[in-house]
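Shown below is the structure under consideration.
Chain naming follows the written order as A, B and C, and within any one chain the residues start at number 1.
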Amino acid sequence: MANPLVEVINVSYTYPGGIKAINGITMTVEQGEFIALLGQNGSGKTTLAKLMSGLLKPDEGMVLIKGKDIKDLTVSERASIVGYVFQNPEHQIFASTLYDEIAFGPRNLGLPEEEVKRRVDEALKIVDLDKPLNAFPHLLSVGEKHRVAIASVIAMKPEFLILDEPTTGIDFKRSLQLMRILLKYRENGGSIMMITHDLYLAAEFANRVIILKDGIKIADGPPEKVLVNEELLTEAGLAPLQVTLLADKLRDYGFSKNIIKTMDFVEKFIDVHRRK
Amino acid sequence: MHKLDPRAKIIWAVVVLAFSIYNGNYLLSPIYGAVIYASVIIALIISRPPAFWLKLVGILTVVVLFFSLIFWPASAPRGGVPILTIPILGWSYTDLVLNLALSKAFLVLSPIIAVITMLTTSKPGDLFQALVRCKVPYKIAYIPILALRFLPTIINEVKLIIDAQESRALNLRKGNLPSRLRKYVTIFTPLMIRMMKSAIELGVALDSKGFGLSCQRTFSKNLRWEFRDTLFLIFGGLIYVLGLIFCIMPFVR
Amino acid sequence: MAAAIEIKNLWVRYRGEEDYALRDVSLEIKEGEFVLLTGPSGCGKTTLCYTIVGIVPRVIKAEVKGSVSVFGLDSFKTSPAELSQYIGIVFQNPEMQLVTSSVYDEVAFSLENLGFPPEEIRRRIREVLDIVGLKGLEDRSPASLSGGQKQALAIASVLALRPKIIILDEPTSQLDPQGTRRITDLILKLKKDFKVSILAVEHKVEWAVNHVDRMIVMDNGMIKMQGRPAEIFSKKIDVERYGFRPPQVSEIAYKLLERGVILPSIPISLKDAYEIFRRVLEDGKSACRSN
């Protein structure tokens, strides 16, 4: 059996100021997963993501990337397997042309220029950005900048893509657009971990939900199990989706409270309704 | 030190600066510089600042002393008795040269430490009020407060940008100087853009809070000059004047 | 009820831009109303807010046509000092709108700038910190607060001027669910207990629909829809176009309609949905029984 993509083994991390952000977390990421990482601000989500991408090194425990200790990998090796998209694209965009911006990652990996060109074109296609290659990235709209940031990371063809709150501060239309891009990415074989506060998106798109609280995992499983556990959600400062609460209220009519998706509720309703 | 009116501390820092700049033959005796230096160090230590500042001052002292011993000998008077020789480097210092170097070092360090003490023992809001009461226009006086407020924010932004670029395989530690400089552009450009945007946001926020609307501004907590502030200034002033006289005396007689 | 905000035929074009950010916007907000303003990014929501309080064109230069008045005062001609006693604005990013080194100083800031007497300032600070739930944290630095606390502080510093209307520009977009709850509770408290009119710009509408008097949906610089939430959601919302997600219960209703289920009305709250769906299922049952 092939090595899992990422293995986090009993990892702990304390920030220089003394705050213990991660207190013994163990988890694995396999190929083809779409993980939603939830939890309050300060629960350790970003710290965990940075540990998994190598931006931080654990104080205790190990992080393995495809079987190798992340400490033994070079910056390039790490970046070509684990991609990290930050929340605000303005923290990355520096180049004077769209091409150079997206080519930055592949060039840093030392790829030949023809390969770089191929990757830039492919990345632009995946994020559906139809702008000239010499466009000035800073003048693009907010939504376009988000896509540039994602494209510039996807161009390195990482097998594991981490996104830190990609839908915070953008409207819902763009959020759906982003989800479509991620699904396309996953179709091509990638795994995704998305840090988010949006339970709706987690329910509709993720196939695994992990909840952190005070640096430890308090939940790790399929959304149908995790997002219907009201006690767990409350502990994490979250609330169940309307559809779950509604299904629970209608339990006398045959609904179970394990419903987290709009369409599942609709199907069940039609089913119950038709039976009459 | 914390309880003193910031105006007293500002005056103290200015006085230290004045005494430090003042140039005279007394420079040939390091005692004067040492007295001022000792006074500011004592002031700093009794205000018990976070360890970071003490470490910084320690490092600064060593660095300034070191550079002093290198550069000042060039403008020292000739002659004098050699008293210090550093074996390996073969440098030789006369007493005159040594006095000058030490003196200058102390006088460079003292105003800096006085300002550090002032900043770490006063609340920014109080310092601001003190400056305005000393007739500094409040729009200018507020600039250091904004700097203090946003310094941690800016540092966080820089860290974020470095992380973002590192996750795109940027290795800042590798490479020769020209390639490293090019790499720093990828940090610098987003930082500048973020700062410009933030400056606009900040300007809008300040405006919406009425900043700069009128020339007069009230303060919710008024600073009060207490007797201990006067005492502090008299006492401090006495030390410096006495020190000055003590050093000048040998030359006057 | 008097008109708190009155906008007539407003056109706004930023300096150096070709397109108008706001096109022929006319709007009236009455005293005591709670209005939700939404629409896709770039539709002009923020521009509208900034223009109402006069930031556009005074601070951010723009070409402006039409009129905006707040309680009868012309937003373009009235001094910000006077205007700020009627209307306040809380910005989206908690970080860049906290400009002092302590919670206490932050609330005092506007009052001091406007020359209020010290005793009055001290009284209002105590009052306002209590309302927003930051009592006891006077000496904390803004940087040490959580996101929700930062926004609460921003609201407090606006509240200290006792405005009659507060505009909140996406106040919860940068917050986690707990912070969002804190701010939404505070907003509701301001509306109910302190009779402050609220104009909130939000993408997340689920929490607001039960409490707002009116919703305004903008697109491309114009007002496309306005009315009570129940009216707005009675027709299927084109999410792709308007950029906000309707309440999930409404979304469920739209999908059921598509599949031929007959519903008496479209629910916008959990309670509505339970009543409506239960009745449909019951009627289905009884219809069957009567057969």
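FYI, a contact is a pair of C-beta atoms (placed from the backbone, for glycine too) under 8 Å apart; a residue touches a chain by one contact, two chains touch by 3 or more.
What you see is a predicted model, and the numbers here were worked out from it, not measured in a lab.
Counted as hops between touching chains, the shortest connection from subunit A to subunit C is 1.
Note on interfaces B-C and A-B: more C-beta pairs are in contact across B-C.
Averaging C-alpha coordinates per chain places the centre of subunit A 29 Å away from that of subunit C.
Mean C-alpha position of subunit A lies 45 Å from that of subunit B. Among the residues of subunit B, none is in touch with two or more other chains.
Remark: subunit C residues 50, 53, 55, 58-60, 79-81, 84, 88-89, 91, 93, 95-102, 104-105, 108-118, 121-122, 125, 142-143, 157 touch subunit B in the complex. Per the touch definition, subunit B reaches subunit A in the complex via residues 157, 160-161, 163-171, 185-187, 189-190, 193-194, 197. Looking at the complex, you find that subunit A touches subunit C at residues 40-42, 141-143, 168-174, 176, 197, 200, 237-239, 241-243, 245-246, 249-250, 253, 262-263, 265-266, 269-270, 272-273, 276. Residues 50, 53, 55, 74-76, 78-80, 82-84, 86, 88, 90-94, 104-105, 108-109, 138, 152-153, 156 of subunit A are the ones that touch subunit B when the two sit in their complex.
Touching subunit C in their complex are the following residues of subunit B: 123-125, 145-146, 148-149, 152-153, 198, 201-214, 216-222.
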